[in-house]
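Labels A, B, C and D are assigned to the chains in the order they are written; within every chain, residues are numbered from 1.
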Amino acid sequence: MNLPLVGLKDERSTIRIGDTTIGAREVVLMAGPCAVESGEQMRAAAQGVKAAGGKILRGGVYKPRTSPYSFQGLGEEGIDYLREAAAEYGLLTVTEVMDERSLDVLVDKVDILQVGSRNMQNFHLLKLLGEVRNPVILKRGLAATVEEWLAAAEYILAGGNAQVILCERGIRTFEPSTRNTLDLSAVSLVKVLSHLPVIVDPSHAAGRVDIIPALAKAAVAVGADGLLIEVHPHPEEAQSDGMQSLTPEQFARLAAELRPIAQSVGRSMAHSPKA
Amino acid sequence: MNLPLVGLKDERSTIRIGDTTIGAREVVLMAGPCAVESGEQMRAAAQGVKAAGGKILRGGVYKPRTSPYSFQGLGEEGIDYLREAAAEYGLLTVTEVMDERSLDVLVDKVDILQVGSRNMQNFHLLKLLGEVRNPVILKRGLAATVEEWLAAAEYILAGGNAQVILCERGIRTFEPSTRNTLDLSAVSLVKVLSHLPVIVDPSHAAGRVDIIPALAKAAVAVGADGLLIEVHPHPEEAQSDGMQSLTPEQFARLAAELRPIAQSVGRSMAHSPKA
Amino acid sequence: MNLPLVGLKDERSTIRIGDTTIGAREVVLMAGPCAVESGEQMRAAAQGVKAAGGKILRGGVYKPRTSPYSFQGLGEEGIDYLREAAAEYGLLTVTEVMDERSLDVLVDKVDILQVGSRNMQNFHLLKLLGEVRNPVILKRGLAATVEEWLAAAEYILAGGNAQVILCERGIRTFEPSTRNTLDLSAVSLVKVLSHLPVIVDPSHAAGRVDIIPALAKAAVAVGADGLLIEVHPHPEEAQSDGMQSLTPEQFARLAAELRPIAQSVGRSMAHSPKA
Amino acid sequence: MNLPLVGLKDERSTIRIGDTTIGAREVVLMAGPCAVESGEQMRAAAQGVKAAGGKILRGGVYKPRTSPYSFQGLGEEGIDYLREAAAEYGLLTVTEVMDERSLDVLVDKVDILQVGSRNMQNFHLLKLLGEVRNPVILKRGLAATVEEWLAAAEYILAGGNAQVILCERGIRTFEPSTRNTLDLSAVSLVKVLSHLPVIVDPSHAAGRVDIIPALAKAAVAVGADGLLIEVHPHPEEAQSDGMQSLTPEQFARLAAELRPIAQSVGRSMAHSPKA
């Protein structure tokens, strides 16, 4: 494989969006439900994200689903719910882009575009994202090597968009007791091999609420620049991924527990606005 | 996961293209180079494929490459080389489609469209392929379960295109001595779980010429409806995958060795036209 | 890693036991239940193995079990059932050896000693097996590379016992629909890299009866020197592995179907004694 | 599988050895070279371990090696070097036991016995360890599920030895840039599923020095009760695993960096004796 060229530089990249900078001293919290379901749901989620010191509201409107008969997301209607809730609480937005059509819709409406694991080597989509100015979260493919992941990022960088945020979300292994196996070595490795910021999604990795807090702590300790966490006001009613969604209360508690760890590794985390 | 609905029916599906039927008694040979490089190369390959009893000429013109700096294929120029060589030797054509743009170009120019491993869950592309009338070879993703593979096929079937041919091409495991691990259990399983034809690509699985013939034999014995094999007139000069390409002579010898195995499992294979 | 030294030689090794030779032209069938349960069971199994042209009767008396609370095998009582049934039908015997104690018991009572997957790198046991004169079937560890497997064989060879038979039985991957993923590339590779005979156990690989016959055919086509297959007179009553055990009738039918495949690849298979 | 019975109880187990308790509030550091090579080497290692606040000196004297032609350890001579160095610096000792013979030698000479990954399902050895009174570190097999790992522990517990310490050391995946993939989810899971203490070996997992400190921090953050780290006075001269060994200076720096993380998760770590 050719070595990443644009991807090589001496200083670390930081990505500034509004008042928030990813890849600098602060560990940034991004959270929200797997799928946008209603305006009410998104407002409750946004309130919880904000209250915990989170900066970015997530919520899927176009959902990549294994089966064509599963819920495919609310589409454009969902974008409004995401944007309105984020605006009300002063949060930035991130959602998944799946193809050219959804990119056209999303590019001017959300702050950060996310490429899901299944699309990590959708080179057509990567090239299109090289031409936009939104920051891009590039999730690692579920069987992608670190080298392939960095090469995928290079497609976006080579297209002219330098704002790539890598996201480790678990790889596929033989172990059945978690949905995926979170690979924190990879987080540390991309810090060595690349200048790009890297965040961790412990929710998709674990697939079960009980170990998400511990994995989030480990992610901060290993050096992640941010966390992407599923938070749903009513996980038991979620249309997808309910069993891996924290409640706003659990998320607030976790955020409080993460702060001293961030400080222990020379980082900071935003405080709750009330604090 | 929802169960595949369109994918469930009682009799096995067969796919007829010109004089060739995939999924019936005959085991169909598809071969050619990884990448179309020149008219001369494709004519030599086509001659070799035809001489061995092959029915379908393969050759990539749009190449999905891990790195943006690797050779990306000849594009439209390559399509002509593929078509002309196939026409000269009375072969059908198959090439990989990567996105909407390449689909628009290829849909009227090649017989069979191939979805590569990296795109197995590119749902936008799968939906587009549900709307065309070309048969589609759907390669298994390199870490896709059999269930996910069948669900991906269901996206095409649900869109209205019933002509889906599954292709096992090796999965990603810990074993470093082959490029991928050919999973022939999966071939047998999709025969149990689905009515769709399934072929095997031993070339990408092995990544090394020395064991491709043995794997091809095993694929026929396990019940594959066809083989997709890399054949290059000059493997040592190939722009990609040279070390896993058979010469036309090696391919002819292999085809001759496969015939009695096909007969042993109640199948047939076309004879060389000279024979 | 150091390269295997004793393991390198020019001609292929053959292993002669009584009238049977492993690694020569004949593909040898070895079959029987996972666990020896009773004299009656073993006689019925032996009759079925013999009737299908099998040469070697298998049956576990010391069972390596994931949990200490699972059935651990009949021990010495089982050895008698295995030997008596084999003697009555003129078959050789193979059973698993787990440690020094079981080796002491088995060494003079069974023909072939088997090392299970979990013990592939139990170097103490391998060294002990280097000092005996029984042929040894060395199963591949469930996450062992081909190189590690050959190096494990080298422990036995270096100890002075040249009669090592490799056995591929499936590796651990992400795929949940089979118990393990049968890696037939590995069978082909050890033929390239080593002079040792290699057999295939499709029963443990598949873990389900419906695809075992197809995998057995593929194993013969890829070049295996023998097959190790679970056969139980009453699979529904088996104390372990019932769902992957063929009945004697299914085994006889499979044996008949394997013969023409063996011939197609230049091998032979023994006929049923009545035929 | 049968559920672990002895392994289920309400309160967490703690294991007391001399002044050190594993599984209580303190995160315990265990360190030393992969292989014992000389008295001088072990004294230098012990000095470094002690100076950093470590409590337990590790060093292999019987080495399980993939190839029979690799260095197999110093054997009994090495035990003396390990014991003398530990005694001089007031450290406990841990070394790997491979079989009955090495167990007989080690049982009265070292404090803690370690079962390596390759032997996690060496049931004979596990049963023998159920009969001794030394605490046992049970490393997870490189392709063992969490359930299998706990069931292996159950063999020791069921035999009457309640002092089992689990050790996660990386699992085998497709990723080639680390030796193994450290699975910190598993650490969190065994805290949920079991009462046993669990430690982490980031050195074998990573196989490269540059990311070991980050992984060690993540391990403490995720809740590990201790760390097992390779430290060698002269890594460049080590007979095995040099590229994954920290120097005593690197180890001391790491220990200092781990303390605030331990405190952040409600744990403590011993200070350097000079501090």
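Criterion: a residue touches a chain if its C-beta (ideal position, glycine included) is under 8 Å from a C-beta of that chain, and two chains touch if they have at least 3 such contacts.
Quantities reported herein were computed from a predicted structural model and do not represent experimental measurements.
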Between subunit B and subunit D, the fewest steps along chains that touch one another: 1
Larger contact count among C-D and A-D belongs to A-D
The distance between the C-alpha centres of subunit A and subunit C, rounded to whole Å, is 49
Could you put a whole-Å number on the gap between the CA centroids of subunit A and subunit D? 34
Contacts with two or more other chains occur in subunit B at residues 143, 147, 172-174, 176
Residue positions on subunit D within touch of subunit B in the complex are 143, 172-174, 176
Please give the residue numbers of subunit D that touch subunit A in the complex, ascending. 143, 145-147, 171, 173-178, 181-189, 191-192, 205-206, 210-211, 214-215, 217-223, 257, 260-261, 263-265
Residue positions on subunit B within touch of subunit A in the complex are 1-2, 4-5, 64-70, 98-101, 118-119, 121-125, 142-143, 147-148, 151-152, 154-155, 158, 172
